[in-house]
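One chain, chain A, appears in both complexes that follow, with chain B as partner in the first and chain C in the second.
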Partner chain A sequence: MTMIDTTSYTLISEAIKTEAKRILTDGTVTAVVGYAAARRKGSVQPIVITTPEDADKLLFSKGAVNNLAVYLTKAKKEIPKTGRIGIVVKGCDLKALVGLMGESQLKRENLYLIGIPCSGVLGSIIQPDTELTEDTIAPKCLECDVHMPTGCDFIPQGAPITPELEKKYAAEIARLEALTPAERWSYWKEQFSKCIKCYACRQVCPFCFCEQCLCDRNKPQMVESTPRPAGNFAWHVIRAMHLAGRCAGCAECERVCPMDIPLNLLNRKMAKELKELYDHEAGLEINEKGPLSMFNEKDDQSFIK
Partner chain B sequence: MQKFITEQNFNTLIDRLIGAGKRVVAPKLNAGTVLYEPLSGSGEMVLDQLPRRSGKEAFFPLCEDIVSYEKEGQKVKLTDIDPALFPETLLVAVRPCDTAAIPVLDAVFSWDYKDQFFLERRNKTTIIGLACTSSDDACFCTAVGISPDDRRGSDLFMTQLEGGGYLCETHSEKGEALLTAHAELFTEPNSQKAKPLAKPEVEKVDLQKVKAWLDNNFEDPAWDSIATRCVGCGACAFVCPACHCFDIVDEGTEKSGKRRKNWDACGFWKFTHHASGHNPRDGQPKRYRNRIMHKFKYYDDKFGQTLCTGCGRCIRLCPVGIDIAEIVGDISRKN
Partner chain C sequence: MHPEKQKHDFEPKIIAFVCTWCTYAGADLAGTSRMQYPSNVRVLKFPCTGRIDPVFILKAFQQGADGVLVSGCHPGDCHYIAGNFHARRRFATFRKLLEFVGVDLQRLQFSWVSAAEGGKWVEMVTDLTERVRGMGPMVEFKELAMEEQWSGAINTEELKEAYEAI
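Right, the complex of A and B next:
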């Protein structure tokens, strides 16, 4: 079993503390959103700090799983959005921020980006005191093309160490694509049947920033809120469609699902389709015209029969 | 009454009951996740893992129909769901942190309003508790006054023995009836030692001190630092053995449909959203405060108990690592 080397995270943590202290002291930012240690060994919580003294709480580790971009969206009203805000980002989280900028939700000049040279994080923190190995690393990290983020204001020194390992999502998507529609349907039917409509997947998603989700409407009700086949199917299809061309692949939705539903397969399949159809990919360039929010005469029209 | 049963005889008991048409619910692997689910055979039981969701759903399901309606012309026909049709159930291998929550739920569902859906299922269920022999660092039952071999809520309690098999101890008439009806599968208890119990590594929390602080600190800056990170999902409430809020929804068409009772969670923004558009809990810290207040103050005010059995599920599954054991421990150390 291949172990993933994360020794660089110690020095990275030190650099984050120093930089956060500096930008809070000289007034570059009003707050820094980052990670801090929690009670259980290896566990990490998101934290918002506003004073230089608190900068010592910040760290980066294999348990720094959260995509903190979610805290900068309008859905999280509790976080003060005044002035410039510092945020610790892995490459995958940065893609989400870039997507939010493209959707006019954030302005680059209001952010101070602390990018992480990232070798990977855990796929699950149910048991946070877990070694980072090829088995426990988040599957997204095996397919990551932004271990070294670019375009940030500060990047601690350190080179990500990323051994070549099997790409689990690609293999699983290929397996599902090879099934007949009936077999595929029975796979998803079983998975969706576990959904308890806790909406953890929605609440952690940086792109689920609608102030009132369609699925929460009750005057009139748009989608059955009951966790039964009809409502569950509607919920998952709506979510997959609404995130197509937007999802940044952070896989937070899948990580947080208490029922272990492999949600990101849906989003990744949609991303694959958008790549094939419109050559669109979530990346680090701000793109104001998402593939599904604009019309181009050159688009493939062959599906209109 | 105390008896001994071998693992093999225990499996025979389960299979025999299933064969006789009884609904037997136990921890079982379901599309990769261990949940309390009806068994089709004893071989499906998973005894070494705490199920992802709690045992409460045996009486308080995730969703249930309570009435159905049909409209013909101007007439509306209502059909009640008849609780008499709920099946007799055996709930097996339930951890003490789940069984201890059952009397806590009983108090709520039989207080001013008798919830016939809950109570009928409860009456028809026999509960076999199982002592815990392993724990992780999210478990904190002992901190809130529950133990890994707590008998509360069990009709029959089983303890694994060193040399295999279980010591069975009855705690109610239901438990005795089960044991008596299958007496030939049990023998007299022997001198075998029990497997060592789980030992959660946590300090006991002074729940009176926690309550005293909560009584006086509804408005405190601590709520912001604790819960600004809360993302407002229902994960913690839905996996909790003691949370019991529900929402009533009507679903269907104008011609026919159902009125349903679904789990709800105080972490949701929608939970306190008034029809006027006003929301008295207008931020996540206020919603999370309710979670702590309800568990360690309001419930205690009303029923003299705590609404948390320390199962640790919400700690393991909170998307943002919010740790109720840490929060309550911190509160107990405040003056």
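Right, the complex of A and C next:
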């Protein structure tokens, strides 16, 4: 079993504390969104600090799984919207922030980005004190291409050490693609029927910031709201469709799902298709238009008669 | 005067989402030209293919459609200049998603039918109707709609065991 070296996280934590203290003292930012220790040993929770004294609470560890970008969307109103805000971001979170900037939800000049040279985080925080290994690492980290974020205002010293490991999503997508449609249908039917419609996936998603979700509307009702198989199926298909070409791949939906539905699998599949069809990939470059809000006259239309 | 109507065991329900400027006019032309096409198709008129949300297609299947036809103006002919270009990307993506969750794409047809192509409309509708007729009813979504979250059975071995243990 391959162990993943996370010793650099101690130094990164120190650097975050110093930097947060500095920017809060000199008034660069009004608040910093970061990670702080939670009650259990090794567990980490998001925190918003507004005074330099609180900066000592900040840290980064293998348990820092949350995507903090979600706190800056208009769906979440806890954070003051005045002044510049500092935020601690891993590469995947930065992709989400970049996506939000592209969709005019945030302005780069209102953010102070503290990037993390991240070697990976835990897949589950049920046991936050476990070692980071090939088995406990989040599957998204195995396919990560932004261990070292770029374009941030501050990046602590440190080089992420990332051994080459098996790409779980890619393997699972390939397995499903090889099945017959009927087999795929029964696979997803079983997965989706577990859903209890708690909408945790929507709540945690940085891109689900609509004032009113289509799935909450009942005139006309497009998606059955009760947690029955038919409504669940529609909800997950529409969720995947609305995130197609926008999803940054932070896999928070999958992490928070209490019923362990492989939600990110759908998102990865859509990302793969959009890469093939329109050469689009979520990245660190701000694009005003996503692949589904623009077009090319020469787009493939072999499926249209 | 009319040819004898053939009797079939299964009459599929086809929902056609069409744009008002091209395909609807095309279907109208087929009607005024007295062309015959299967009456299985229910036409729903939209301002533009760009207005046709993928959720409508899903909803149609859930409400009992056996086949869905989506049709609009040829690329470059859109009344709103670029509506069908946007729709094209969206449908290309949605198709891939439906395929991945296991929907048979033979039941979903996209086409460009202009206001002058009454014949092509007839051909599209006939093709899809016959194809879907051959495939039989779309049972997947109907079964899904009938199902409850849990099995509903209260006398399973597992539950009995749990009850005994209390």
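Following the convention adopted for this analysis, the second predicted complex is superposed on the first by the 300 of 305 C-alpha atoms of A that agree within 3 Å, B and C clash if a C-alpha of one lies under 4 Å from a C-alpha of the other, contacts with A are read in each partner's own complex, and residues count from 1 in each chain.
We take it that a residue touches a chain if its C-beta (ideal position, glycine included) is under 8 Å from a C-beta of that chain, and two chains touch if they have at least 3 such contacts.
Model, not experiment: these values are computed from the prediction.
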{"item": "Clash-or-fit label for the pair chain B, chain C on chain A", "value": "clash"}
{"item": "Which superposed partner A:Arg228 touches (first chain B, second chain C, both, neither)", "value": "both"}
{"item": "Which superposed partner A:Arg39 touches (first chain B, second chain C, both, neither)", "value": "first"}
{"item": "Which superposed partner A:Leu292 touches (first chain B, second chain C, both, neither)", "value": "second"}
{"item": "Touching partner for A:Val70 - first (chain B), second (chain C), both, neither", "value": "first"}
{"item": "Contacts of A:Ile126 with chain B and chain C, given as first, second, both or neither", "value": "first"}
{"item": "Partner chain in contact with A:Lys305 - chain B first, chain C second, else both or neither", "value": "second"}
{"item": "Shared contact residues on chain A - chain B and chain C", "value": "193, 227-228"}
{"item": "Parts of chain C lying in touch with chain A, wherever the complex brings them together", "value": "54-55, 58-59, 62, 75-76, 82, 85-86, 88-104, 109-112, 124, 140-141, 144-145, 147-149"}
{"item": "Residues of chain A defined as touching chain C within the complex", "value": "176-177, 181-189, 193, 214, 222-223, 227-230, 233-234, 237-238, 240-241, 244-245, 266, 269-270, 273-274, 277-278, 291-293, 295-297, 299-301, 303-305"}
{"item": "Interfacial residue positions of chain A with respect to chain B in the complex", "value": "38-41, 43-48, 66, 70-71, 76-79, 125-129, 190-191, 193-194, 196-200, 202-204, 216, 218, 221, 224-228, 231, 252, 255-256, 258-260"}
{"item": "Touch list for chain B against partner chain A, complex", "value": "30-33, 35, 52-53, 62-63, 136-138, 224, 228-229, 231-235, 237-239, 247, 249, 251, 260, 262-263, 265, 268-270, 283-285, 315-317, 319-323, 325-326, 329"}
